[in-house]
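Letters A, B, C, D and E mark the chains in the order given here, with residues in each chain numbered from 1 onward.
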Amino acid sequence: MMAQVLDVASWIMLLGGGIFVLVGGIGMLRLPDLYTRMHAASLTDTLGTLLILGGIMLQAGLSLASIKLAAIAGFLMLTGPTATYALANAALMSGFTPQDAELPEDLKP
Amino acid sequence: MSSVEAIQLALILPFAGALLIALTGRWPNLRETVTLVIAAALTGVVWSIVPDIMAGGRPHLTVAQLFGDLSIAFTVEPLGMLFAALAATLWIVNSIYSIGYMRGNKESKQTRFYICFAIAIGAVMGVAFADNLLTLFLCYEILTISTYPLVAHKGDKPTIASARIYLGILLGTSIGLLLPAIIWTYLVAGTLTFTPGGILAGNIAGPAMGFMLLLFVLGIGKAAIMPVHRWLPAAMVAPTPVSALLHAVAVVKAGVFTVTKVIIYVFGVETLFAEPAGGWLLYAAAFTIIAASVVALRQQNLKRMLAYSTIGQLSYVIMAAAVLTPLSEIGAAVHIVAHAFGKITLFFAAGAIYTASKKTELHQLRGIGARMPWTMAAFTIGALSMIGVPPTGGFVSKWFILAGAFQSDNYVAIFTIILSTVLNAAYFLPIVFAAWFAKETGDSKPHGEAPFASVLALSLTALATLGFFFFNQGVLDLESQLVE
Amino acid sequence: MELLGLFNYWVFAVLLMVGFYAVIAKPNMIKKLLGLGIFQAAVFLLYITMDKVEGGTAPIIQPGVDAIYSNPLPQVLILTAIVVGISTTALGLAVVVRIYEAYGTIEEDETQRQDLDA
Amino acid sequence: MSLAAQLPALQIVVPLLTAPVLVLLRGANLAWAAATAASVMAFVIAVALTLEVQSVGVIVYEMGAWPAPFGIELRIDGLNALVLLVITGASALTLLCGRASLAGEIDPDRLALFYAAWLIALAGLAGIAVTGDAFNVFVFMEISSLATYIIIAAGPNRQALTATFKYLIMGTVGATFYLIGVGLVYMMTGTLNFADMEARIGEVTDQRPILVAAGFITVGLALKAAVFPLHVWLPNAYTHAPHIVTAFIAACSTKVAIYVLLRFDFVVFQGNLTGHAFQFASFLAPLALLGILIGSAVAMFEGHLKRLLAYSSVAQVGYILLGASFASKAGITAGVVHMFNHALAKGALFLAVAALAMRLSGLRLADIAGAGRTMPWTAAALALAGASLVGIPGTAGFISKWLLLSAALEQGPLGIVAVVVIVLSSLAAVIYMWRVIERLYFGTPAGNALSASEPPWMLVAGVWVAALANVYFGLMPGLPVGLSEAAAEELLRHLP
Amino acid sequence: MTVFFGIFLLTLLLIIAVGIVRAQNLFTAVMLTGIFSLIMAANFFVLDAADVALTEAAVGAGISTVLLLGALALTPSQEQDVRGGRILALFVVTVTTAVVVYATFEKPRLGDPQAPVHTHVAPWYLEKTPELIDIPNVVTAVLGAYRAYDTLGEVIVVLTAGIGVLFLLGLPGAVGRRKADDLSSGRMHLNHHLVPQVVGRLLVPFILLFALYVQFHGEYGPGGGFQAGAIFAAGLILFALIEGEREAYTILSPRLLMVLMGSGALLYGGVGVANMLLGGNFLEYSVLASDPVKGQQWGIIAIELGVGITVASVLLAIYHAFAARGL
């Protein structure tokens, strides 16, 4: 009984993750400019991956494997947003202005 | 001093001399003394071997043993003995003459001249004493390279150009034809050591042998058989003593000497005689003789004329060797000597004339006999020897060659000799006649004899030319060993 | 399935081709180095493909379990090869940087032209 | 275990471990001393090994005492003994006498690294020569290549960099090709050890991959050896490298590649591929002939001394390959002997060039005019080495030319062509060497050739040692010829 | 299942490879190379080559990308369009490929247990290792013991690359005229960006820890000197990125880096020489301890350490060389 529940849950998470990644991918291609695309990308590598990892953890149950997976998830939580930030910052530095949006004074290149 | 030590000495002396000359180059007198002393010493050493050879000895010396049968080694045999003695002796005379000439014309780079001269003589010794084809090839190349600076002595553009022709033809033929021939010989005969009766005997026959002979004869460019004679006229840009060296002492003689040696010791007289495919050599030589004489007839420049005369005379030796009878082989050897004395006299004379009067063309020589009696007398003797009139050395050798030709009823040879004699007379006698009896053309300014050293040298050689007519027994005894 | 067994080798062949093409056809030096990287990666693939065994696992022996292990040797060879590859790339990049400082370009045909002019 | 038994390992270990020490050391002189000491020691070891090989035959050394084919073994026989002599001798001599020249060309505070790279190159080449394991060859090939790129890139002017890059690309492609070939052989035999491969290839039923492997290995090594159409990296690399480096690599780097080519193609493939001898001859001989002709031809019209010699090297590689492509005992003997003799000649020549370069403004033929008078010793040695390159009797060059020609004359139709080509290229060699010598002695001094004086005595001494080696081995060719004959036997044992 | 997964990955590889070659902007190309390596690593993992996968990920995707970017920072990042030479190139390439494909048809199929590769030498390794060396990871055993000589060569290759880059580019404070302290701590770092700096500081210790784990766990699981060295270097490079060159030099001065470069290789070679002195062959670890198996294990640990030190220090030095060139 418990096993089934876990199984179903994990599959839901895996599928969800997959969908998010897919959506992110589509977003990457379809969205107009760099910043919005980055938005889609960050969606992929936070929510998507987290769901998938969670799903696998449920599959693995309580074991060394899932602890490792947890660690990975933790690191992703840290690195993903940072990377996105750095990228956006660099873009701004090198003068990519977001479409139809007025920059705040202090960020004017 | 044993003969072997003598060989070592004879090979070392010239190079040691070259070194000494290089060191004493700063003081001309000392330098030239060294040259003369070395030359004299060498001559002494070489002559000291003669008795041993006369007695039938064959002193042998191995320097280095390469793989297989290949070695750098030396052995003295009659032909080589004769050549070495000749070269060494003439070196003295030539040095005396050179001193006069070089000083008389205030030539530059005299030290280099004497050094290269000494090295060339050393190479000649090597060629003469070589025990096998490889050693001979080595010394042959050294000779070629060491004479290049002499030919290019003047150092201006045209000279360099001619010198390149000289070097190009000699190196090209030797590496392109002679070397393959040697290797081929080694493959079929398994050895390169000169042995009486020939090492190719029984190892090769038919057209192959003819072809091999072709490789050898054309490969030995120094023998100046047509069509590889071009370098000799080209080398006329050299100072006269060098021309003398080329024509009488070292280079061309080394060529014909090598050819004779190849015919006697590599192919073997009998083998070649029995092989019709080898017959072409006779005709080639005959053609060269006639053609060269005809060309000489049409020359205006004295030295060029002498050059073509040399080409003709050399082919006498080759033809004699190619007649392939005992007497003719002796004749070949004797002619090397006779021609040497005669031709060196002629060149010395030409050089003397140039030194004294800066004249180089034939038509300028009218009536010069009155101004330079000694020189022209010597010149006359030389010319007679070329034609082969008694009492000169030229007659002796021609006699033997003819005798050899009759031995085998070789009418081609006989006819060639007679015709060429006529031609020689036709281009030498007019000069002699004009020099003594024609009126001098007005424009030439008065001048006397050349420097004493030169006159002395050419008188000596002229005397030798005459002397050889009377005292040639030694040479004959020596060379008769060839055909025993 | 028979042919699928060879799929890796074909990928190896094509990767080889792509990388090699970049090496010889592209004048840009960094591009050449990237191509070289692909070229070498293809060879890694060739070796690693060899070591796979049907139903095998990585050659880390668990005592007691009698599993089939894949072949360790090619893995060792490729470990070496990978390191060699990065070393070559690093050195190549250093040379490229120096070339750019000396010539002001990293296009090979351009540098050749400058050498000819000089 | 006695020291003697450890020699094969020490041959590699000594230079290989001196290099990192040099990285720790500071100061050019100290580095030079250490590097030279290591090279000399390596040379001594090589000599000892050669003597041992001559007395007891093949020497085998198991790295880590693991038996082949599981471990890596070092195998030393006549062939690689000769190669070892060349490599270590070249390195020792060039380092001993090259110090001043190198110090003049390389930024002093980088010299330590330079010498380290040099030692690694030496160790790599030696490593290729002694190992009996196909993959180990690859590793050491890369070691030597990387190190060689470094010491070439040390050249003074910017062309050195582009030359290095070209060499780096082509060299890596070559090595990778070799790796592919080894991979295919491994795939079909399951082993990396030469001897073991040799034994097992015969059992392989489907030979396609083996054929392809043979192709890849041959092409890859031909790239490294600068065999004719793949030689394009060589001229620039030789021309723009520091002069002493040129002397070193010209003496040995291409030779080692050819050595591996011979070992692989003859020992591993020869006996097992049907009609291999024929294929070998019919693929390599034409390339060799073309290489000889074109190399010599270009050299004849080349105006820069080093470039001229570099193109002559292309031709000489052709000679070695030609000898091998006869696939006959005489042929391979000739090829291997030429490997040795050409190393002597080119080493001496490039050392002499380095000596000239120390005093003259440039190395175009115009720049060296008249140096024969101002630098007599150097010029004389150059002339002597040149004679050896041309093949004048009494020099080493003549021995190999002789062997090669006689090997060719055994061959029939192909042989005749070969003879003609060899003769032609010898004439070409006469011409291009003569152009140099004529300039040296009869050219009128221009620029600073007038004021030039002899370089430091150590360099001159080194040049003369190399030049005299040419004469010595021209008169006493026993050692190289003997070893080469042994090598030929070893390589051809599969031929019927 | 795995087969199809493999095929999927491989196809992806092909696409990316073509992308790399076609990309005109070199930054794009470099990024694609990183992805290429990652997928290659995944592919290796599918093929049961854990160690290789780890190495490829660390070296290929990590270090080489960093180096390429470092080089791109100093050179133009836009490729000029190609003129000519295409046809010949295509011809050569096609021939080569044709030859390879020709060969494939008689190769053993993927994973065929009867392939010679699996029947000849490898089985010996698999069955002897437990008794001779007694460590679980056979790859490490082969790498560190049976073919340790190759591995020594590999370390020397890395060292050579280090020497080469330092020789060509110089290293302020160790090689070349420039001193360490004339590096202005401007530009090539992010320490005016708060977020990356904070996160980076948080991550670096973990990375280094992980490196040590990989280093000393190599006998038991995937990992070893090379991977560890690469990861360690990656950690420090990250540090240098966020704190700036100067700061990085204060922990590991260039001079010290050079010393480490050399001493790692020396440690490796020293073990071998020690074996010689103890009367064994070169790299015959058995003589290190009374019990040959123990000896083998100690030997492997020692040389892996040497490998790790050299690899880490060389990669770091190379990075510094590129970085300093830019300042």
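As a working rule, a contact is a pair of C-beta atoms (placed from the backbone, for glycine too) under 8 Å apart; a residue touches a chain by one contact, two chains touch by 3 or more.
The model shown is predicted, which means the values in this text are computed figures rather than measured ones.
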Both-way neighbours, i.e. chains that touch chain E and touch chain B = D
The chains touching both chain C and chain E are D
In terms of CA centroid distance, which chain is the most far removed from chain A?
-> B
Farthest from chain E by Cα centre, which chain is it? Let me know.
-> B
Comparing A-E with D-E, the busier interface by C-beta pairs is D-E
Centroid distance [mean C-alpha coordinates] between chain B and chain A, Å = 100
Intercentroid distance (Cα basis), chain E paired with chain A, Å = 28
How far is the middle of chain B from the middle of chain D, if each middle is the mean of its Cα atoms, in Å?
-> 45
Once you find the CA centre of chain A and the CA centre of chain C, what distance in Å lies between them?
-> 31
Specify, in ascending order, the residues of chain E that touch 2 or more different other chains.
-> 100, 105, 107, 115, 117-118, 121-122, 125, 147, 150, 153-154, 157, 160-161, 164, 168
Junction residues of chain C - those touching two or more other chains | 16, 20, 50, 73-74, 77, 80, 84, 87-88, 91, 95-96, 98
Enumerate the residues of chain A that touch no fewer than two other chains.
-> none
Contact pairs between chains, per stated definition = A-E, B-D, C-D, C-E, D-E
Give every residue of chain B touching chain D within the complex, in rising order.
-> 63-64, 66-67, 70, 72, 134, 137-138, 141, 149, 152, 155, 160, 167, 171-172, 175-176, 179-180, 183-184, 186-187
The residues of chain E that touch chain A in their complex are 190, 193, 195-196, 199-200, 202-203, 206
Per the touch rule, the chain E residues reaching chain D in their complex are 99-100, 102-103, 105-108, 115-122, 124-125, 128, 145-150, 152-154, 156-157, 159-161, 163-164, 166-168, 170, 175-177, 258-259, 261-263, 265-266, 269-270, 272-273, 275-276, 279-286
Complex contacts: residues of chain D adjacent to chain E = 1, 6, 9, 13, 16-17, 19-24, 61-66, 69-72, 107, 109-110, 113-114, 116-117, 120, 123-124, 127, 135-136, 139-140, 142-143, 146-147, 149-150, 153-154, 180, 184, 186-192, 200, 204, 206, 208-209, 211-213, 215-216
Given the complex, residues on chain A that touch chain E span 75, 78-79, 81-82, 85-86, 89
